[in-house]
Amino acid sequence: MNTAVTIAGVTLKNPVVTGSGTFGSGKEYSDFVDLNKLGGVVTKGVANIPWAGNPTPRIAETASGMLNAIGLQNPGIDVFVQRDIPFLQQYDTKIIVNVCGKSVSDYCEVVERLGDEKVDLLEINISCPNVKEGGIAFGQNPRAVEEITSELKKRAKQPIIMKLSPNVTDITEMARAAEAGGADALSLINTLTGMKIDVDKRAFALANKTGGLSGPAIKPVAVRMVYQVANAVNLPIIGMGGIMTAYDALEFLMAGATAVSVGTANFTNPYATVEIAAGIEEYMKRNNINDIKKIIGCVK
Amino acid sequence: MNTAVTIAGVTLKNPVVTGSGTFGSGKEYSDFVDLNKLGGVVTKGVANIPWAGNPTPRIAETASGMLNAIGLQNPGIDVFVQRDIPFLQQYDTKIIVNVCGKSVSDYCEVVERLGDEKVDLLEINISCPNVKEGGIAFGQNPRAVEEITSELKKRAKQPIIMKLSPNVTDITEMARAAEAGGADALSLINTLTGMKIDVDKRAFALANKTGGLSGPAIKPVAVRMVYQVANAVNLPIIGMGGIMTAYDALEFLMAGATAVSVGTANFTNPYATVEIAAGIEEYMKRNNINDIKKIIGCVK
Amino acid sequence: MSKAVKKNVAIQKVEQLSSDIFSMYLVDASIANQAKAGQFISLYSQDGSNLLPRPISICEIDQEEGTIRLVFRVVGKGTKEFSKLQAGDTIAAMGPLGNGFTLEGQKAILIGGGIGIPPMLELAKQLHAKGVEVQAVLGYRDALFLNDEFEQYGKVYISTEDGSVGTKGNVIDAIKEHGLMADMIYACGPNPMLRGVKAYAMEQNIRAQISLEEKMACGIGACLACVCKSKEKDAHSHVHNKRICKDGPVFYCEEVEL
Amino acid sequence: MSKAVKKNVAIQKVEQLSSDIFSMYLVDASIANQAKAGQFISLYSQDGSNLLPRPISICEIDQEEGTIRLVFRVVGKGTKEFSKLQAGDTIAAMGPLGNGFTLEGQKAILIGGGIGIPPMLELAKQLHAKGVEVQAVLGYRDALFLNDEFEQYGKVYISTEDGSVGTKGNVIDAIKEHGLMADMIYACGPNPMLRGVKAYAMEQNIRAQISLEEKMACGIGACLACVCKSKEKDAHSHVHNKRICKDGPVFYCEEVEL
């Protein structure tokens, strides 16, 4: 039975990778799961310099979801390269580095810095506010998406996965812009922007007022967007958004995703990633499906 | 203690109204709740002619939410005027008629037809596909929002509430377009477009493939958009999206909504509307708040 | 018309009938006194992530005891939760809902397919009490349930897809094999079975009441989720749709398109 | 370092200590054997709409019995659910998590405020067993809980906001009123209290270990939700943030900005 999938020439032993920001660089969760059993580890977003992130509270629970406004706290690319990459290289899994920045040049600096590192794929978080454009996210403007994609593509030594924001009118417009810019793959969806108010305190639940909504609550939106994008562009897709079980993951694969990211589920169940990978195999066995490629995009 | 709120000159005895499409025209739920205890009843969308709606399955359950693709089945304005309006006139509550259409002229016909009827407010559902524009919803294009608003405003004898779609990049752009078109009030959010796949059947859960996601799952997105819009325009807002409890309703009021619609909650608890109205009063008592206006927009 | 309410109801007992079929007895005199064969009850999950009630058809009504029996199949999170409840627990329930069967005729064929079998048991009991001759035709995929309980009300014919018991095939095959006659057919089961029943009833020129199933939300006719196609324009909807939860779930087969 | 696992754990009993404070005993030898005073356990709700575990500080550890005691306040859906569990039920739990207190000094003041009181009980027990003089200063809004159980380990001083018992005011008022001295302060409670404790410790030049609280997601240091501001650049984060769940919850007061 074949569970391997290929994204931009990189073969993952199975379609399950981690969701950026939920799994650190894998060290903490390696006490719970065997990273060798994952298709890949997507690291927490890393910037050209250390970011301190937002004040607390940084998270709030919502119905079948959670809001987060961590603010992309990260130690910066130098520490990441000397500490986190060597840690992940101990494992037989693909290393997918998530990259964030406040300007195109920030992103370029990180991507260039990673050029000679042993990482397999780069995932570009374009939901960060574009400081030059007064804070609207890169991912909400098709011209900005195409521009940053092509700028990074010129410099990247590894294939680049553009991570799309769902906070847009037409996700396929953003997907086509990334494709036009030369993206090797897409990942979606990032979080939906949300807010929670503490009614007793009459105050925002998050210090940042708004945060990114993740978890099963957003899965129907994520599956819909993955389906739309899979039918709009010719790029492999890493699907994500509220995947808690193997059946959730299979929804994304059937909608057209080549791989899936498991994020928030790690907080509910630290074993989620490996259990989902095993559950997909079990489904294939039960249904006599010998190659996972037969599942990808099978619902039209 | 004052729980009354005013929307475009119409005073509701309390801020709780029903969510269009979940409550019919009130008849079925009148077996469970005293409609006299509601600020208003928002009817199921009515068009110029009867609509048969979509094939079944029309709904699917999701995590803390549900998808619906009823397809705005309705008996048409003639039956509505002779049957549903007289029914609602028996009660001491405001009548808010939700209007849908496939073209601007469809909407205009319904609005004109209602001109001499004893209804208090009109809520315009602009998430319907605009057939002339190849099916993109009116509510996803600011020019279309402003145009339909001003066309209806020319003809409407009652104040019009434009119901905004959340499936947009910038909800404030649509709110400003409605304001520019002369809207008297806004209601938001309509449902988020979603999809569910039945993994065992390898088929879409809905006959229509996609449907509108409602329920507590989307509440954080709804509260965020209500907060953004309340700070962007000078129009009263009816807030909605996953309100199940009085505390949920209070989140919307504190974010800047003048009233709230309770929709999907009716399916989980047919008494939800009146229980929420009572719960808001109870909160005001407990916190010595003598006027609900002191709650509206109190979190900044 | 029965006046439904939603309330917490006491559970008398829950029994497992087969690998995935469970029987639950609820104690509520007012529901029991109003309930009719063919009506259903909406059961609500305690899990906050499940918003919609599960409509479960009434299998038996005991007005003296003030209890109703619901027999359901575990198909997801909600029914799984229900199957784990025990005597002494309570469950949020609304009902009785829907119209129920109309008892007519002198010689009846009651057709149940899979989880469409339970509502036939109360119907068989009531028809038998009225002196109607009951012939129960029960279709199963494989494992049987409830079939013994029909014996007391009339003759029981069984069909199984795998042929392990009774006629190999479907309920219509069983009816033909045994050459059953009737002046009224009552049926509940999956749509493909109901299509076959309708076709058979038309061809044999026997009246048939069929009970339909569809995904439901409100359960009381407000949301228009659970419609079926109607032959004539419906008096309420003014289109060719009827509400299964409110106008049904039982229809004369000629009223609806399957 | 303790190796945490997530698993279903048996509940020995659940007791109500006051209107909203509950005491839960979990049976798990490996957790009991690893656990240290000041560590916490993440408890998981069975309701599908609650995704995040609730971190609950360890109140008592019984290594012979192989049990741990958790005392928590009902503040929402999750803790409400926990309060309704009974002997014989199981609950999904992960732990022990965090660093815990370092036992030092000869004469200690243990300061607990509200739901920060429970972790002080195991600490008092262990310090007392080591021969350290324990002075427990417990601050309540109104209703007392656990205070009797501290008596066996040392002197107990109480402050209440309404003055109904002990010193009217906060824990620092109580310390000053009784002129308590110590070579080590241990404290757990709301941030305003901890700010007061830090200021008092600095001014009195007494070392202080304080246990912090913040909204948590993963509970193991991966997600960076529950950070606090650190005085020095942190060795792991390379910014001025420490992870309360992993680097804490206990810090020397001079390490962190409150």
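When the chains are written out, they are named A, B, C and D in that same order, and each has its own residue count from 1.
Just so we're on the same page, a residue touches a chain if its C-beta (ideal position, glycine included) is under 8 Å from a C-beta of that chain, and two chains touch if they have at least 3 such contacts.
This is a predicted model, so every value here is computed, not measured.
K.L.:
Going by average Cα coordinates, which chain is farthest removed from subunit D?
P.N.:
For subunit D, the chain whose C-alpha mean is farthest off is C.
K.L.:
What whole-Å value do you get for the distance between subunit C and subunit D if each is reduced to the mean of its CA atoms?
P.N.:
Taking the mean C-alpha position of each chain, the two centres sit 55 Å apart.
K.L.:
From the mean C-alpha coordinate of subunit A to that of subunit C, what's the distance rounded to whole Å?
P.N.:
Taking the average C-alpha coordinate of subunit A and of subunit C, the gap between them is 46 Å.
K.L.:
CA centre of subunit A versus CA centre of subunit B: separation in Å?
P.N.:
Chain centroid spacing, subunit A to subunit B, equals 34 Å.
K.L.:
If a residue has to touch 2 or more other chains to count, which residues of subunit A qualify?
P.N.:
Only 63-65, 215-216 qualify.
K.L.:
So which bits of subunit D are touching at least two other chains?
P.N.:
48-50
K.L.:
Could you classify the connectivity of these chains, where an edge means two chains touch, as line, ring, star, complete or other?
P.N.:
Shape = complete; every chain linked to every other.
K.L.:
Inside the complex, what are the residues of subunit A that reach subunit B?
P.N.:
Touching subunit B from subunit A are residues 62-65, 67, 140, 167-170, 192-197, 199, 202-204, 209-211, 213, 215-221, 223-224, 227, 242, 247, 250-251, 254-255, 283, 298-299.
K.L.:
Going by the contact rule at the top, pick out the subunit A residues touching subunit C in the complex.
P.N.:
63-64, 216
K.L.:
Considering the complex alone, what residue numbers of subunit C touch subunit A?
P.N.:
Touch list, subunit C to subunit A: 48-49.
K.L.:
If you look only at subunit C, which of its residues touch subunit B in the complex?
P.N.:
Touching subunit B from subunit C are residues 3-6, 44, 48-53, 94, 214-228, 236-241, 246.
K.L.:
For the complex, give me every residue of subunit C touching subunit D.
P.N.:
Going by the criterion above, the answer is residues 46-50, 77.
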